[in-house]
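So that you can tell them apart, the chains are marked A, B, C, D, E and F in the order they are listed, and the count of residues begins at 1 in each.
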């Protein structure tokens, strides 16, 4: 992101925060409106478009054949990738994924993997030799902050509605992606001493620290990632966890169109 | 190519063109002398050296084993590559092929592929599993313009004289490359309002638009590519097509040494 | 290495050399003290740490499965890699190996390969299909000159104490690496008209030419590499060869801890 | 082209194609301008089953400096297929096909944009293929062109594009995926309507000279239809956002 | 995490783990400062079967120029696993895992270092994993922190790090490799002891909210133990090389 | 080397090799200078079945600037094997072997060229192996050297190169492909005839010290023969293009 953030903007956001306010009028504990459409890309095995405020993300799932990892000979393979392509923001550049995009990929991947959302054992064709490889690709089209949650919601929605194209690969009838959990990702930004959920792009630009928490249907913690150079206190993390559980329920409750 | 083209040179070429003339005395509709030698590189399955005026290009064909494309399980594979290596001109650089080299590769490839010059079905060993892969590599050694036609002529000549090294790969006796068409590529440059065939390097440097036309023995069109930022009118393209057919016959009639 | 070598340093080293002396008090024909520890990295099939003066290098051997080269269908594969990573010196940079690191890899590889140290025929599992691949990776941690000899000594020590992990790969019991020779590498620097063995970093920085000689137990020559822009006379090379044989014996006689 | 297998019947006796179109009929096309907020201009095109997004950033200062042209703006196009846009997953990163398409599209626009008004600047055009079904490069040109206008980049004209081709030995307009797979020729074309000049032209397959001539006319005529759709999309865009309409006199004919 | 297979018994009835540790016990840790000569600062950490080396170069002028920050030093971390550090050979070059770890470690240090004292400078931290056995990122943070102090880089405090986790349905401290392979959760944490603030926190696996709470306290407490080992390593270093001790008042509490 | 299999008989009782040569005989060598028009200097060498082209560009301004040396010209060599130059196709792009050969050849020329006459300049030498049959690096040195002279680059001397080696337990000069494949040693050498100094020397295989000594003398002697061929090629070149002969006093002995 831009290194030169206007001091005026920073001042503004800090002053508002000191009064418990945000630029777009939200409370610290409110996410922007999120909408999810699924099944929007024909050739994908699953797809979703998520809008989180002005942030706009496409997610597609493709399922190809491959070989299992040596240490998991009877499991399918899950690969999650996010790119920050220049269409989505003036500061993004072409080329191989940079550390920020890698972090996004890995945190979203971790939420899906650690919640054991996909039953990978059902994606084995021949042990040690042939398994299904599930590629989840996250493509932000308009970047206005918090791609972690928008991307995760899209990945989860795309996977929940995906099919395994067994027929195309010559292995019988298609079947639904073996899904068995419903993780939800909620991200916080710390600006000065204030912690607020679902930061906008401008809030991200001035924030000191970031915390992403993935919870499951039972409210258990499945993945967490502190980001950026700032820090959180033990108390702040506990508060975030409570709120992440509550907001996670809201995300799961969203109707997908 | 050099961004800084001397204005004097540009002026000169434009003024000549306005009088229907070219720097090397050719008429607009005349190609430079072309000569083709084949069989010049022992280890190659086929090879050719083409001189088109001062342009000097080597082409080699190698045939290796590989797996077919999923959607063409019973066809061999054809791969055409051109590099603009720094030996050939002071403006070329080392490194992976840049867009101009990629365009050359793809346009030459298209001419060979779309004329169905090679019967790829004869290059299958085991359907879905093992086929011959034909690599055509184009290496300009001295670049004086119009690598499109010199490279294409070399690729065609090398393929026409190539053998499939079945024995080396352990699949019976060698046999001739299964060739069934004889495409010819003819390229035009538009300089101001004037269209001329087979541009020299200096003409390329000042030209606005480029048009490559590949025709077959019957005079039918097999591939076409407009290049550079300028444009052609409908009438110009029709004229070029007629001339490309005529000159294509001349290229095909060349004796290869 | 740094392009800007202080003239004072250069002067100093040259003046000393003119009097037959070196900065650290050694004679021209003396190596720095070398110590070798082996078996220091658990997960490696073989490992060694070599200290040569202040130069400090780790070498690890890993053995994986792979396919043999087409022209050596019944031989295992040996791959030697050296990287000059930035931890070891302020002038090294991250990224793919540059020419100096490639040269080091290849010269060390050559010494091992050409002395036929490893009996690669004993590393074949199924001819044409499956063989053991031996990866020797050289990681300098503190670079104070002459990584050629420190790396070679480490590679040799790591290989001599390595096992082939047949069991892990499911092919019976582990067995010792089939070692049948004991090569030793000795490197010389030429500074002005003076040739001295085992250059320090500062000596390397001002030296004109480098000569690496690998000999075997019988004192026969197995590999040689002249490096840098300077030259050697026939007489100098003969002298170096005699000394390399003698010092090679000393290197082989070192007790490894 | 697929090599012209004629086993698969793509056109019936009445000249009706598998998807119900006449031989000279376009697939349904929907164009929307100004669909993204970060980009200086943008457009979304649905063309049959193709879904294409274009975004324009610039004119902005070109950097690093050594790419600046002191006499005009540099125009760069990146055409990218999303990994999930086709049946077999596309590996991320630019392959040779994408590099070529990016180049011919950039070439098509470079002389249409009044680049000399922006020395030392750069104009970036990003084309994302979200769903591909034959004809993405033409859809990309159409979208890019509307996105450029939406960004207020001064141009001689909008650039419409369309392909004609051949299948079952008949000339047809705007090949769909099945037609492309087993078809005999494809001729993507982009023109500058004001002058009738051709700025993008590629062809592969097999056409007699006469067929080529008719196919080219067919695609050029279709371009004029698409031109109307482009202008309409911009009109709708300006109507809905009159207050921030960019200064693009050149494109409002 | 391995998915929480409970077939493998990692903890016996008395709460003793396979390697003899109690559930809240650290593996043996050995820290040595100043182990390399070229680097401005360095440290070697043996932590159970992990062997980790960290080196610091800088503060030095940042180049190329365009990466300079006129207000502070740039901090860069490269975490690298040696190809032979684990059972299955690691391919040289940064994979996605290494890129992420490098980033979170750099993030952890950036606000702890007084970077504003060195405008336009760069501080490079290299972490080499010579032998890996679960917990390398925490060992890397611990080593890097001592190496920074050894280099005389002024910091608010040293940064200790440790993971807590869960296996066989019990919370345990500092997971070893077998525990990590079949364990149920892992929570690496790094703190600034002076303030108690958390600067690195990652978690994967499955923890109830209550378990998370206790695990986090467990790892934070362990950090305080490790902090003492870090200080001790520096004390030993200064004792043996009193004459060239760097000016690092901030780290000597 | 191939490991010294002695099953294959490469030399008969009379000391005659498979291709009819004596043990100390070179393959036929043909050198032509000035074969390319764009390059500032060029040479083509046929050496047995090797076909090698070398081109020189420069001295020209080195760019980007940061590679300039204010005291001398930078010399860069790129050795490239055409994909079709050997039986098994070579993948385009520099492999480790090519990188090493490029480096040792550049090293061989750097002190022979009077680089200090061209501060801030760059001299690029491109060596293309069109057909390879053992001995390409020596053929490359020989061609590069003539190309440099053809470009008028001032040098202390021309640099001839040749390999000696061992097969069937006999020392032989200038190994051909079969000899290289099953041979026992290879010793490529390049010298500066004026001084007798050795500027390129590599060896692999197995030689006793005495054999090494004789092999080195053998290759150095052969270098002197090749030197005559190089000078002759330049003489022919100047004869045919006397009017544009470059100012290369140094190479005309």
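Rule of thumb we're sticking to: contacts are C-beta pairs under 8 Å (C-beta built on N, C-alpha and C of every residue); 3 or more make two chains touch, one makes a residue touch a chain.
Here the structure is a predicted model, which means the values were calculated and not measured.
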A correct list of chains touching both subunit C and subunit E reads none
Moving step by step through touching chains, the smallest count that connects subunit B to subunit E is 3
Among B-D, A-E or A-D, the pair whose interface repeats that of C-E, with over half of its contact pairs matching by residue number, is A-D
Note: of the two pairs A-E and A-D, more contacts are counted for A-E
Most remote chain w.r.t. Subunit B, using mean C-alpha positions, is E
Relative to subunit A, the most remote chain by C-alpha centroid is chain F
Rounded to the nearest Å, the gap separating the Cα centres of subunit B and subunit F is 32
The distance between the C-alpha centres of subunit C and subunit F, rounded to whole Å, is 26
Separation of the C-alpha centres, subunit D versus subunit E, in whole Å, is 52
Note: subunit B residues in touch with at least two other chains are none
Where subunit F touches two or more other chains simultaneously, the residues are 88
Contact graph of the chains (line, ring, star, complete, other): ring
Cyclic order, anchored at subunit C and moving toward subunit E, comes out as C, E, A, D, B, F
Within the complex, subunit C is touched by subunit F residues 1, 3, 69, 88, 96-97, 99-100, 102-104, 107-108, 110-111, 187, 192, 195-209, 212-213, 216-217, 220
Touching subunit E in the complex, subunit C uses residues 41-45, 47, 54, 56, 58, 60-62, 64, 81, 83, 85-90, 94, 96, 135, 137, 139, 141-144, 168
In their shared complex, subunit B is touched by residues of subunit F numbered 36-39, 49, 51, 53, 55, 57, 60, 78, 80, 82-89, 92-93, 124, 126, 128, 130-133
In their shared complex, subunit E is touched by residues of subunit A numbered 3, 70-71, 99-100, 102-103, 105-106, 110, 113-116, 208, 211, 216, 218-234, 237-238, 241-242, 245
